[in-house]
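Structure provided below as C-alpha cells; questions to follow.
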Amino acid sequence: MNPLSQEELRNRLTALDTPSIADAMDSIGLCGGLLGIQCQVPDHIVAGPAFTVMYRPFSRNVEEFHNAGNYIDQVRRGDVIVVDNEGRHDCTSWGDILTETALLKGVAGTVIHGAARDIGEIRRMNYPLFSTAIHMVSGKNRVRISAVQEPIRVGEVTINPGDWIVADCSGALVVPASLVEDVLQRAERIDRTEQIIRQAVRAGTPLETARARYRYDRPWEEAATA
Amino acid sequence: MNPLSQEELRNRLTALDTPSIADAMDSIGLCGGLLGIQCQVPDHIVAGPAFTVMYRPFSRNVEEFHNAGNYIDQVRRGDVIVVDNEGRHDCTSWGDILTETALLKGVAGTVIHGAARDIGEIRRMNYPLFSTAIHMVSGKNRVRISAVQEPIRVGEVTINPGDWIVADCSGALVVPASLVEDVLQRAERIDRTEQIIRQAVRAGTPLETARARYRYDRPWEEAATA
Amino acid sequence: MNPLSQEELRNRLTALDTPSIADAMDSIGLCGGLLGIQCQVPDHIVAGPAFTVMYRPFSRNVEEFHNAGNYIDQVRRGDVIVVDNEGRHDCTSWGDILTETALLKGVAGTVIHGAARDIGEIRRMNYPLFSTAIHMVSGKNRVRISAVQEPIRVGEVTINPGDWIVADCSGALVVPASLVEDVLQRAERIDRTEQIIRQAVRAGTPLETARARYRYDRPWEEAATA
C-alpha cells in the first residue's frame, strides 16, 4: 500500500470536518476530542502533524524575562503546534510575535490547552488559533518549556508528536498517526452517508426512516447510495 | 377570558426580550433563567412551547451507532426543543442533520443543556441554537434518550412540556404554561416603563430621578406615562 | 516632574494594548490581570480611572424592585466602572439603561466581575463592556450595593478607586494609580522592542536570534534600535 502524502491527507481531512472524523474514531473505539479547546478565529479548518510543546511552572526569582517560545524555529511547514500549559487561564503561552513567525513559516495552526493573548491582532492576521481561554498576562517568568516533541496530555487524551490534529469551529481532536488513513477513509464514508440522509430528509423522508434506510447505524462500512 | 393564540403569544413575547420577561417573573416571585445557556448563533429571539428531551449515559458495549435523535419527527411547528444532557461538555446532542430537519419542520429553536456540534454549518443555516458548550464528539453510544416530553431540570429550574421558552442573546428562560399570559402582560408594562425612563435620561433627567418618577420599583403595575 | 494629564495618559495607554501593559507590570514584579473578564463587544480598547462598585447578596423579602444602580450619576467622564459582584453568573449588575446613561455621561467603559444582560442592545450601542458572563436575570432583589468607591477585589487583585483600568480583547487589568506613568513608559519601550523584533523576523532573522539581539530579556530598559 502506498501511504498517502502529507499533502493529500491534509486536503482530504480539511474537506471533511471534526464531527465526521470524531465519528470515524468512534467506529474503532477511540476518542480523540480535546475537551475545552475553542475556536478563537472563525471559519478555519486545519489539519497537520502535531508539534508538541509542554510548559510547566517556573518559580525561580529572575531579573529578566525568561524567554518562553524559542521552539518555534524548529516547527515544520504544515505542522499544528499543540501546547500543553495544563489548561491554565492565568498566563498565556501564545501571542502576536509567535503568530507572525508561525505564518511566515507556514505553520498550519496552533492549539493551546491554556490561554492566548493578542487575540485582536491574531484575528486581523487570520491565523487559525484554538485555545481554552484568552488573557493578557504573559507566561514569561511563570512557566517554561519542560519538553518539546514529547507526548503530552489534554484531559484524558494523549497527543504524540506526529499524531494528526484536526481543528475547526466544533473544536480540536487528535488522530493517532498509525490510524490516520483508516480514520480518513471511514470519515469520508460517514460524510457521504450523512449527505444522502440529508438529501432524503429534504425530499420529505422522515429522519428516522432515512437513517434506517441508509444505515446510519454503520455508516463507516460502505458508502451509502441513494 | 379568551386565551391568546400561540401565534399571538409568540409575536408579543419576541417583540420583548428575555430581561423584561425575567423581570416579570421576578414580580411574581419566580426565576426561570436557565443558567449557563449561551446564544450560539447571533441575533435571534425565539419563543415557543417546550418540547423536552432527556438524555442519560449509556454504557452498553455496542457494535453499531445507537441512534440518538429520533424524537425530532414528533416535534411540532413552533416548538422549542429543550435537551437535558446534564450539562455534559464531552459529548453532543445536536448537530447539522437535526438542524436541517428542524428547519424543514418549522421548529422555533433548540436549547441544549450540554454541547452541540457542526456549529459552523448551523451558523450558515442561521438556526437559533443555544447551548452550554461546543464540542465535536457525538453522543451516539455515550448517551441515549431516557425520556421525551417529560419534566426536565436545568440547574434549579424545572421545564415541563408545553412551558414557554424564550431565548435571545442574553440567554434562555422558561415561563410556566399557566402563567405565560400574566407574565407577558407584566413584561410589556415593564418594557414601556423602561422606555419612558430611557427617554427621560436622554432628555437630561438623572437616572435616579427618572426611576423614582416612573415607578421603576413597581414597573409591572401599570404602564407608566411620561 | 509634571505628571501627565488624564487625557494624555488615556491616549498613550490606548495606543498600546493590555499585553504590553501586563509585561510592564511584570517588569516591576506586579500582576494586575483580572481573571475571567472577557471582552463582550469587539474591537475596543479603553483606559481610565476605576470607579468601583461592590454588590453583595440581599435576601430581605421585598414587595418592590430594589433599585440596584443609582451610583451611575456619580461617575465622572472618562472613568471606567468596575463592578464586584463576586463573579456571580446567576444575576446581573449591568444592562441597557445603565449603558445608555454611561454613554450620555462619557463613561469610558464597564468591567463586571459577574454577569451583564441586554447584550444585543449593548452591542448595537457599541459600548465597551467586559464581564465574566451573560445572563438575563436581574440583580434587583438579589444583590444590592454595599460600597461605592471603596477597594474591591477580583480574584487575587485589589482595585482601588482611581487606579487605572485598561481593557481590550485580551481582557482587563488594573495599574495602581501611583505607578501608572512608570508602567506606561515601560510598556511603550516594550512595544517598540517587540515591533523591532517583528521587523527582524519579517526580514528573515530566526525568532531566537532576534529576541537575543534586541534584548527581549529586558525590553523595558531602553528602546531597542534596529
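Quick notes on this structure:
Chains here go by letter, A, B and C, matching the order in which they are written, and residues are numbered from 1 within each.
Criterion: contacts are C-beta pairs under 8 Å (C-beta built on N, C-alpha and C of every residue); 3 or more make two chains touch, one makes a residue touch a chain.
Since the structure is predicted, the reported quantities are computational estimates derived from the model, not experimental observations.
Of all residue numbers seen at the chain A-chain C contact, under half occur in both copies; the interface is built from largely non-matching residues. When the CA atoms of chain A are superposed on chain B, the rotation angle comes to 120 degrees (nearest 5).
Mean C-alpha position of chain A lies 31 Å from that of chain C.
Residue positions of chain B touching 2 or more other chains: none. Partner chain B is touched in their complex by these residues of chain C: 64-67, 69-70, 72-73, 89-90, 92, 95-98, 100-101, 104, 117-121, 123, 134-138, 140-141.
Across the interface of their complex, chain B is touched by residues 17-19, 21-23, 26-27, 31, 33, 35-36, 38-39, 43, 168-171, 173, 194, 197-198, 201-202, 206-208, 211, 216-219 of chain A.
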